[in-house]
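You will see chain A twice below: alongside chain B first, and alongside chain C after that.
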Partner chain A sequence: MSGVTLKKVRKDYGSVVAIPSLDLEIENGEFCVFVGPSGCGKSTLLRTIAGLEDLTEGQIVIGDQDVSDRHPGQRGVAMVFQNYALYPHMSVRQNMAYALRLAGEPKAEIKKKVDRAAEILGLEAYLDRKPAELSGGQRQRVAIGRAIVRNPKVFLFDEPLSNLDAELRTRMRLELSELHQALGTTMIYVTHDQVEAMTLADKIVVLRAGRIEQVGRPLELYDDPVNKFVAGFLGSPSMNFLPARWADGRLVLEDLEGATLSMAAKAPESGKAIVGIRPEHLEIGPEGAPLKLRSVEQLGGVTYGYAILPSGQEFCVDLKGRRDIRAGDTVTLVIPETHALVFDAETENRIRPSK
Partner chain B sequence: MTYRQRRALTAYAFLSPAIVYFLIFFFWPIAIEFWASFRTGQPLIGESTYAGFTNYIAIVTDKLAIKAVSATMIYAIGSTVFTLVIALGLASILAGPLKARNTIRAILFFPYIVSFVISALMWKSILDPYTGLLNAALLKLGLPPQYWLTDPDAAIWVLVAVSVWKDIGYAVLIYIAAIQGIPSHLYQAAELDGARRFQLFRDITLPLLMPTTLFLAVVIMIASMQEMALPYLMTGGGPANATRLYSLHVYETAFQGLNIGYASALSFAMFLLILLITWVQFKLLNRDIRHV
Partner chain C sequence: MAHKHTYSAASRFWIYPVMIVFVLLAMLPFLYMVSLSLQSDAEMFSGQVVVIPEELQFTNYVTIWEKAPFARFILNSFIVAGTIAFLHVLFDPLIGYVFAKMEFPGKRFMFVALLSTLMIPFFVRLIPLYIMTAKFGLLNTYTGLILPFAMSAFGIFLMRQFILPIPDDLIAAARLDGASEPRIFFDIVLPQIGPAIATVALLTFVFQFNEFIWPLVVVSSENMRPITTGLTLFNQEFFTQWNLTAVGGMLLFLPCFLLYLVAQRHFVQSAMLSGMK
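On to the complex of A and B.
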């Protein structure tokens, strides 16, 4: 088992800079998730760690060894691909045994390791089948099994659950979490699904345009984002953002009929800000800002109401399971000041209250 | 008429021109040939009588036919194996990021679009022992001239070489398309499993190209087994019948010897041999590869 250290990692594709310069420390045994929108460089970063992409500059250290110039097979990493990448002409057993066969391990040892991995993943009955004869979930297990048998220092997962249906994705997510607990190996996981990131990660790395926006534990990032991007990326439904202006030490929310919030912080020069509030933090009271709901989603346990604000912004409110509210109804909103996050309208960085 | 019946009728209506074409120009001649192979005298062109299996039994004792089978097998297997091996090697290089790959592909494909008659006559001229370019080049290099088409041991291999030259572009093109169809993530997974260049080729490329190899092997083998133009134009079947390929033997038996019944039996025997060889190829090369 080993941690992973990235030092000034840079990746260019010709004149296009995918990752400008990135430093990151992943602890031994940690489950680290890279999240970000499409094109943010998360898969590129993972593939660079794997050795499938050449590093333009910088250093990748796994354990105490610099692996920057090593062949992918000699880095001590195993990867699970989004589309499984199972060898279609080989049986499940051959797929799982391939790396060991290349490493010249004795046949008896290979059989023992493959059988053990198959037992962990419940694949014993499928060892002689070809990948085309398996379901999506079984293929995913084989891909994981192929990684396990190599006993790698680091597991790399490139959006491994995105090809599965919602139910299977939830089940596999739990299985991955249990696998991490059982093996205790360092895992790096790429996803654009923030639910996977929040549920699986010990540490989340939020990326945008090849740069790290924030690193931290899932709830740290959820509760205390450093900027509007991180705040908006984590959480489902997303955080609401309301344009606001500073007036007499208070923030005025024009979109909510001039509702105000007190904010003990230095106002930016422009006097403009953005107030972020999560749907579940909004309260519905007898008095407050009126909001006419355009649509209502009844999910059984949860009810969400949606509205379009005068500025054109979409707005979501968690109606706390109430089933009596319909589309077209007007609710009165209370914004608890303790949960409102304020961002600079220009830089989009967080403005924290002065202490 | 039900919807299903109407659909079926429409389908048959569209298929009927092709079905009629195949019946008239393929199955009818085969049937006639099969009938003629059991006749003696002048079937198809004159009077004939039923001869049972006499024509087929005669093949076993026909030394010229047996020699033709052996020459045809050398030619067909040689052409198929060399074309596939060389094409695979070239395609592996040309499927990669080579700068001049399009130019090289065009050059390789060029012989395939040239008429066989022109190719054969061009090579006959190049290989001429006295006036040919090849021997002139050998002489320039201080090497002795070779009797390419008049040496019984060399002539059949010269035909194999010309056949490979002619077909290589087609096989390379098919192989390149197949190689480019192999998903890159399989190579990446294998690299992570520790595979190096040779192992990637042996364990990923080669097995995943098996359906393509089977297709090319069957197509080239059948075409080579039926080859007639090349020996007819370049060697006339000589020297000493060394390049008398089976189709040439059938042609001469039928149209020069006018032994139509026997030629039909020879022809039908070749049809059965090709069927057997194709079956063996399927048994040896067919792999169940379904990408997921």
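On to the complex of A and C.
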């Protein structure tokens, strides 16, 4: 088991800079999730750690060894791919045994390791089948099994659940979490699904355009984002953003009929801000800003109301449990000041209250 | 539904006779060759077109071995066509793999240059190729017959097309499993292009088994002749023994036909996959 340290990692493709310069420390045994929108460089970063992409500059340290120039097979990492990448002409057993066979391990030892991994993943009955004869979930298990048998220092997962249906994805997510607890190995996981990131991670790394926006524990990032991008990326439904202007030390929300929030902070030069508030933090009270709902989603345990604000912004409110509210109804909103986050309208960075 | 059924029955009614006519037309020269190979000298020179010989002269199939060293010709054909097919199986997938899955400077230019050789007719290259072969002292040798055809742009192109759809992640997975580049090629890539390799081997063998011009140009000694140029021995100054030439034609046809029967499944599969017709 080993941690991973990235020092000034840079990756260029010709004149295109995919990752400008990135430093990151992943602790031994940690489940670290790289999350971000498509094209943010998260898969590139993972493949660079794996050695499948050459580093342009910088250093990758796994455990106490600099592996920057090592062949992928000699870095002590195993990877699970989005499309499984199982060898189609080999049986499940042969797929799982391939790396061990290449490493010259004795046959008896290979059999023992493959049987053990198959037992952990419930694949005993499928060992002689070809990948084409397996379901998506079973294939993904084989891919994980192929990684497990190598007993790697670090597991790398590249969007491993995105080809599965919703139900199977939830089940595999739980299985992955249990596997991490059982093995205790460092895992790096790439996804664009913030639910996977929130549920699996010990540490989330939010990436945008090859740069780290924020690193932290899931709820830390959820509660205390450093900018509008991170705030909007984590959480489902995502955070509401309202344009606001500073007036006499208070923030005026034009979209909510001039409702104001007190904010003890230095206003930016432009005097313009964005107020972020999560749907579940909004309250419905007898008095407040009226909001006409355009549509209502009754999900059983929770009800969401949606509206379009005068500025054209979409707005979502958690109506708390089952409510007899329909599209076209008007609710009165109360914005609790303690939960409202304020961002600079220009830089989109968080403006924190002065102490 | 009923209308569709009527339409398809009607189309079948017309299509089958038309197809049968075309198949017969295509087979006519072959059938006439079979007939010729069983005709006597008298029938052949009678000045009339004999379709079915009065008496089937199976002795022609014995005579041919006595009139010329045909065993040697057949051996030569097998050595040359077999070696060339083997070299194609060895080199075409390897080069196709490099073009499909590896990145290197000048790759695009080299690939276009390779493909452009397909546009140059063989006869344009014939004279320079002959001069080079002569300068290397390879006239009347197996090497001279084999070397110019050891690889083909078409074979490489076909292999590249088959290797392209193999997911890059499969190769990456093998790399992570600790496989070297040759191992990736032999363990992961090759097993997946079996039908394509069988097709290249079959097409190359058949094409080379039938090759006439190049052996005619580089081989003058009788011992080095393949069947194709060996058959010209029956083409004499005042007459041609068409019946024996037709027997030779049958000897050319049989190995290719048997090979096709063996590899038919792979051939059809890869022809369908590659869109080749």
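Everything below uses one rule, namely that the second predicted complex is superposed on the first by the 354 of 355 C-alpha atoms of A that agree within 3 Å, B and C clash if a C-alpha of one lies under 4 Å from a C-alpha of the other, contacts with A are read in each partner's own complex, and residues count from 1 in each chain.
Simple rule for what comes next: a contact is a pair of C-beta atoms (placed from the backbone, for glycine too) under 8 Å apart; a residue touches a chain by one contact, two chains touch by 3 or more.
Computed from a predicted structure; not experimentally measured.
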Subject >> chain C versus chain B on the shared chain A, clash or fit after superposition >> reply: clash
**OP:** Name the contact category of A:102: first (chain B only), second (chain C only), both, or neither.
**Re:** both
**OP:** Look at A:182 in the shared chain and tell me whether it touches chain B only, chain C only, both, or neither; answer first, second, both or neither.
**Re:** neither
Original post:
What is the contact status of A:50 with respect to chain B (first) and chain C (second): first, second, both, or neither?
Top reply: both
Original post:
Should A:74 be classified as contacting the first partner (chain B), the second (chain C), both, or neither?
Top reply: both
Original post:
Does chain B (first) or chain C (second) touch A:247, or do both, or does neither?
Top reply: neither
Original post:
In the superposed arrangement, does A:139 touch chain B (first), chain C (second), both or neither?
Top reply: first
Original post:
In the superposed arrangement, which partner chain does A:125 touch: chain B (first), chain C (second), both, or neither?
Top reply: neither
Original post:
Which partner does A:85 reach: the first (chain B), the second (chain C), both, or neither?
Top reply: both
**OP:** Determine where on chain A the residues touched by chain B overlap those touched by chain C, and list them.
**Re:** 50-52, 71-74, 77-79, 81, 83, 85-89, 98-99, 102-103, 146, 150
Subject >> Residue ranges of chain A in contact with chain C within the complex >> reply: 47, 50-52, 71-74, 77-79, 81-83, 85-89, 98-99, 102-103, 146, 150
**OP:** Name, in rising order, each residue of chain A that touches chain B in their complex.
**Re:** 50-52, 71-74, 77-79, 81, 83-89, 98-99, 102-103, 130-132, 134, 139, 146, 150
Subject >> Of chain B, residues touching chain A in the complex >> reply: 183, 185-186, 188-196, 199, 203-204, 207-208, 210, 287-292
Subject >> chain C to chain A touching residues, read off their complex >> reply: 167, 169-170, 172-179, 183, 187-188, 191-192
